Amino acid sequence: MIRMHVINGPNLNLLGTREPTIYGSTTLAQLEALVRAHAAKVGAEITWVQSNHEGVLVDAVQRLRTDADCAIVNLGGYTHTSIAIRDAFLAAQVPFIEVHLSNLFAREAARHHSVTADLARGVITGLGHVGYLCAVDALVAAHGAS
Amino acid sequence: MIRMHVINGPNLNLLGTREPTIYGSTTLAQLEALVRAHAAKVGAEITWVQSNHEGVLVDAVQRLRTDADCAIVNLGGYTHTSIAIRDAFLAAQVPFIEVHLSNLFAREAARHHSVTADLARGVITGLGHVGYLCAVDALVAAHGAS
Amino acid sequence: MIRMHVINGPNLNLLGTREPTIYGSTTLAQLEALVRAHAAKVGAEITWVQSNHEGVLVDAVQRLRTDADCAIVNLGGYTHTSIAIRDAFLAAQVPFIEVHLSNLFAREAARHHSVTADLARGVITGLGHVGYLCAVDALVAAHGAS
Amino acid sequence: MIRMHVINGPNLNLLGTREPTIYGSTTLAQLEALVRAHAAKVGAEITWVQSNHEGVLVDAVQRLRTDADCAIVNLGGYTHTSIAIRDAFLAAQVPFIEVHLSNLFAREAARHHSVTADLARGVITGLGHVGYLCAVDALVAAHGAS
Amino acid sequence: MIRMHVINGPNLNLLGTREPTIYGSTTLAQLEALVRAHAAKVGAEITWVQSNHEGVLVDAVQRLRTDADCAIVNLGGYTHTSIAIRDAFLAAQVPFIEVHLSNLFAREAARHHSVTADLARGVITGLGHVGYLCAVDALVAAHGAS
Amino acid sequence: MIRMHVINGPNLNLLGTREPTIYGSTTLAQLEALVRAHAAKVGAEITWVQSNHEGVLVDAVQRLRTDADCAIVNLGGYTHTSIAIRDAFLAAQVPFIEVHLSNLFAREAARHHSVTADLARGVITGLGHVGYLCAVDALVAAHGAS
Amino acid sequence: MIRMHVINGPNLNLLGTREPTIYGSTTLAQLEALVRAHAAKVGAEITWVQSNHEGVLVDAVQRLRTDADCAIVNLGGYTHTSIAIRDAFLAAQVPFIEVHLSNLFAREAARHHSVTADLARGVITGLGHVGYLCAVDALVAAHGAS
Amino acid sequence: MIRMHVINGPNLNLLGTREPTIYGSTTLAQLEALVRAHAAKVGAEITWVQSNHEGVLVDAVQRLRTDADCAIVNLGGYTHTSIAIRDAFLAAQVPFIEVHLSNLFAREAARHHSVTADLARGVITGLGHVGYLCAVDALVAAHGAS
Amino acid sequence: MIRMHVINGPNLNLLGTREPTIYGSTTLAQLEALVRAHAAKVGAEITWVQSNHEGVLVDAVQRLRTDADCAIVNLGGYTHTSIAIRDAFLAAQVPFIEVHLSNLFAREAARHHSVTADLARGVITGLGHVGYLCAVDALVAAHGAS
Amino acid sequence: MIRMHVINGPNLNLLGTREPTIYGSTTLAQLEALVRAHAAKVGAEITWVQSNHEGVLVDAVQRLRTDADCAIVNLGGYTHTSIAIRDAFLAAQVPFIEVHLSNLFAREAARHHSVTADLARGVITGLGHVGYLCAVDALVAAHGAS
Amino acid sequence: MIRMHVINGPNLNLLGTREPTIYGSTTLAQLEALVRAHAAKVGAEITWVQSNHEGVLVDAVQRLRTDADCAIVNLGGYTHTSIAIRDAFLAAQVPFIEVHLSNLFAREAARHHSVTADLARGVITGLGHVGYLCAVDALVAAHGAS
Amino acid sequence: MIRMHVINGPNLNLLGTREPTIYGSTTLAQLEALVRAHAAKVGAEITWVQSNHEGVLVDAVQRLRTDADCAIVNLGGYTHTSIAIRDAFLAAQVPFIEVHLSNLFAREAARHHSVTADLARGVITGLGHVGYLCAVDALVAAHGAS
């Protein structure tokens, strides 16, 4: 089984109730269930994390080094500012895909820049929960190819 | 009674001892007492929060959705950088007023931009503790008008 | 009695009829009455000025040096461009509070910068006519403290 | 009859004598006569204003709300800086066309930005006095269509 | 007869069906008919071009040198980026007027800069099809005056 | 069957031979076969286009209005500069997903900005040919949901 | 006699009392007397103007065309913003020297740019009232040389 | 024989007649003859291309991979904007020299940046047709050295 | 004994394993031992802190006010963004030296700016663990001199 | 006698022959004679320096500390770039006036910024050799006043 | 014989040993010999200068006015910063070609801007010593044509 | 013995007398003695250079290639501008540490950028003469490790 961590950042705990016209009505628990089910089918085992705390997310990324083969990350608001999390990815050296539920490029300018995107294998924005499932597929495909 | 949260960010716990020529000699506990007394007179009940942790503040803002009618916020240094707290306000959808004890516009350039000010109903800077009391009045007035 | 001047800039004469969704339906005359009444209660005497002419406003600010103890100013569109009025404040050396009825930070970028804000004791935006009353209170409080 | 105001800004009183290679040799009085004659033919009645004073121009734009159906404006040097006049147009809510005799885009960079152009129905530059006549036609056509 | 070319750029072939709230419901064929009729009345003969291809438009502008006395151009999206077309105008040395149906200054920032406007005799934006007719008049007037 | 167009821009015809460390060794024909096969399974019918010519791509995007339900687009080098193609998408009003084989954010700065990304439903970068298949899935899912 | 106008802008009426550490204790009337006396000695006749109103200053500059041989101008705060006064100088076509009492380059950045300096024959800053006398000498010398 | 392609971009077909003070009076055909003659002497065989169409130029650069040992390119206006042609060079992996007839650095700022210059072996500007001959020599010299 | 705190920010817990070509193979525990030994020799007593949490670091800096005579700080990724920690230093008023193991100026641009460096007594970058020892020496020397 | 140094930078040795339309036909030796004569009359003794070498000019500025009461400096091209000379002035602590023969503000943008102007008592540009004489007068006047 | 000066700036004395992968293994003396031999053949006589001192280079450029018909210059690091040398070229009024051995556009951004390139007849970069020979040819050709 | 050069730039000859509140009262000769004594103890032999001339400093850096094992450099004002010295370091290929006596980050913005810092092994600012001694230690330690 491929060990895949899914790391969710601030405010994703509100999914389903927060700005539903932007983020949809699926809750984070429902999203987790969807991802777990899909991952199981394609041979990946999910560890699921969510936190509003930057430091907790740094810890979670650091753990990738020893506990995971790859990761899916949606850092929410920290996407645009956290050099600390960027450094944790530089240390972790694990392939990851950055996912955003909404299309960041259609929103305010401060959301157009990600401090981790250049370290990611790829970035998926705007596809809602489908984006998470695609990221699972892409990481499994890459794992097989490496 | 109007449920009003007052959320104070990093270093406000030092109020009264920190840079008194800028921030005055009133302590945070004294400020809290002043605000509670004034709020009681005009029909508002205060929940008071202070934290140096960005994640704790994200949590506090998220709670506004269910526990508060409005809020006064002074995010200290996170005012200028925290997209994560901005997102929490976008989710919370509760009217709030941003308050700063000192006049940010008379200080270094990095303090002139706030990432939450456009979401606030209004902003008060430089009026010291009077700014908190004004914010109470304005939120009560707006609550009556809505 | 504290001598307090209230200086209103261009287009404020249209208050109540101009863009009511932004500025409310209170007219300038009604605002003046509210401010005068409140000031009287807290021991301040109001001199009220409104002009669309930058030069007239420069004159009004210059008069603060000899005729006033403090001032409330809402310079409208000149807020963002008038170095001439800034210079008059530098010469006047009287404490003043800058007030804007709407929340400038929620409007177009050209309204986010004020050329006088760093000289003010404080700035209040977005609180509508409550902002003027808060400014009266803050100036009276500061006058007593000095 | 359509009530159409033509508002001319600073230095246009010198038309015909000022930099004739740029602005031509027609005087402002001759331009006014041409515009009045053309307007009369297509059913519009002209009110003509010229001032070098920003405040007088703010007043003139404010009057559009009650006294005019539409306007042609050439704000001269205030085109590039006057937020105060911009605010007056926001208040006036009357369709207007911005006209410049010379082609601003072929001149120094400071003349390439207009603070009112986004509020205008359209902008005409570089066509000399023909630009004023075109503006009359376009406003009459739009008046009929609305 | 004055030989006048009208050169229309990308997406103008969709006129009348594309974003009608911005561009109106007149089709390009109808616009062509209007322009031809008006030109005939004032002594100009129209050659009409439309292409989505930058190279075809470069060719069309190059032909102005030998085949036309003047031109009206609406380069659509190439207005903001095509140095190649700018160079063709520099080579062609024929007076032209730049026309845009919508008011570019009221749209996204990328549409505020034109790489050909400084070479044009003048620019007309936001007047819809009236802009084309005005351009015909202005070019005929200039032709007589030169 | 859902009608889905796949529009590929300049240099994608070289896929498989061009910079294989960045773009992989799959040829465009092989990619087309993979996409067609996958689309057929999920109920979509593919129309496949590739061109090095900006104008041809404008034409292809314009055709979406009448011939397609949705689109996948990889505009290559035009991604960063073509306002003309942007305008065609504004006219077409068809949901589309922007795909890039490599992770643009890990490459030179000129590739970090897309002039069409804000119009897309979403963007996928860096996932190689998996990105195309994900885009098919996401468009099919969205088609069912609308 | 050389006809020389001296045009003083906003806040110069406060000279002697305004920020004396920057501007000195000489009043404007005393400065005028010094300049008149010096000018008389070297064959120039002074017309002296001061206004806080931009429009009045535009008028004063326009009058240079017919009433003066040259000018000394200190536009105060309008130095940095007034395109309208710049246009009046472009129209006036009279040689002038720009003078500032304080050294603008040692003050805040907004005072480092002048919109008229490129039109002046020269600029003198920081020399206090000596700057006015030097300007008289330089204009007289240039008048003799032309 | 060294296979050397010379690729000329938009408006170079007008050489000799277009802005002769900048570009000289030699026509493109004469330039071609000069280059062919010189190349023959030093052992190179010329393939000559000119097009106003960006897509045609992309095609021409792509062909370098299989048909040429090296290239001389003068992309005209596309020099400054075409990421698509840049990508074709990245794919072609053939040494090339960028040539411009005029000195771009002495012209408007938009001509100072080239999107292909960093990929070239070298750049020659301002030497007129001598620049093409130098480029032939330099490529032949480099071919011998490699 | 001089009370000296050493405050280490995010990802320094990984020292020795994280990117050893940049950061060396010494672990944080080994670095701590080296610093403690060196400090003991020169008369300083070390309090050692490491955290990935910005709030914990704010707390640690606040404690300097009462518990320390001076500090050495390596804030890792928060160096570049944390105004909150900057504010804590402004409050703490204790001399400190900023240390970075790698030479930040030889790395990506986002690491070239520190929001605390102007408050520090000095900055040392690129000297590896020698930097910490130098900082001990410099603080001891300064303590003796004050 | 007031000891006054006049320090002239690169290319001033060519005065009189270099670009006479900008710099006039007076040679540096003639200028020196004019300045010496004028200085003698008002009680100042001139030491005259010219060099094209930045290091020689640093030396000359350093000597001001011990050998001069004040200075006139025209640093030519080093005006815009030499932090080394700026540092020498910071060390010298002698009042000086910066003089430029031509009006720098009417020339290319690179000449609009001076790295020493904020340290000078004042700046004179565009007055030709009169500027040097004015500087003598102003320094003598300031010397008497201090 | 054409009198041609070749002026080489800082660090070119190290040619052949300095960074040979960028600059090649030819020494400056060998380059000089190559240039002298080539020049002799085409009728030019070389004066060769190299210095690491900016002032010496200013002197060398000044001498061009009287001692040379034209020049080849490679200013090394001063290319990007020396306004003083730029001024010397403005004074010298002699045609010159700017040469760089490496392709500056493929190196760090600080090397992309030259302060003398707009004054040159042309610029050659990246052709190694061939660039010097081409410059000789181009200057000889231009000398014959003038 | 390790051969270590210490290269001091402009104005450091004034150390001890120049701005003592910033640079301290130790003279350059005293600093040299301190560094020599410390170096002798740890096995390094010092060559000491100071010059105000950029060219002399370029020469000194070039000599590092053959005469030194490592270097300490404090380039004073040339730190921020000298690409020529940067190039000499690129050629010299010797490890060096950049030292500044004052904390550049606490001074004006022009001192925040160094054109050599990315080439250095490390940078030390603000530690006064201790910085030089630390640099000696760090270079000796690195020499042993390599």
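Read from first to last, the chains carry the letters A, B, C, D, E, F, G, H, I, J, K and L; within each, the first residue is number 1.
Heads up, the rule we're going with is that a residue touches a chain if its C-beta (ideal position, glycine included) is under 8 Å from a C-beta of that chain, and two chains touch if they have at least 3 such contacts.
Because the structure is predicted, anything quoted here is derived from the model rather than measured.
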Required minimum of steps from chain B to chain L, each step between chains that touch: 2
Copies chain K and chain L touch via same or different residues, half shared test: different
Chain pair among C-D, B-C or D-E whose interface repeats that of K-L, sharing over half of the contact pairs by residue number: C-D
Turning angle required so that chain H lies on chain I, C-alpha fit (0 to 180°, nearest 5): 120
Geometric centre distance via CA averages, chain L-chain I, whole Å: 23
Whole-Å gap between the CA centroids of chain F and chain J: 64
Interchain centroid distance [CA atoms averaged], chain C/chain I, Å: 47
Centre distance in Å when chain C and chain F are each reduced to the mean of their C-alpha atoms: 55
Set of chain F residues in contact with two or more other chains: 53-56, 81
In contact (per the touch rule at the top): chain pairs: A-B, A-F, A-I, B-C, B-I, C-D, C-G, D-E, D-G, E-F, E-H, F-H, G-J, H-K, I-L, J-K, J-L, K-L
Touching residues (chain side chain B, partner chain I) in the complex: 9-11, 13-14, 17-19, 51-56, 76-81, 110-111
Touching residues on chain L, where the partner in the complex is chain I: 97, 103, 105-106, 114, 117-127, 130-131, 133-134, 137-138, 141
Contact footprint of chain L on chain J as seen in their complex: 53-56, 58-59, 62, 65, 81-88, 90-91, 115
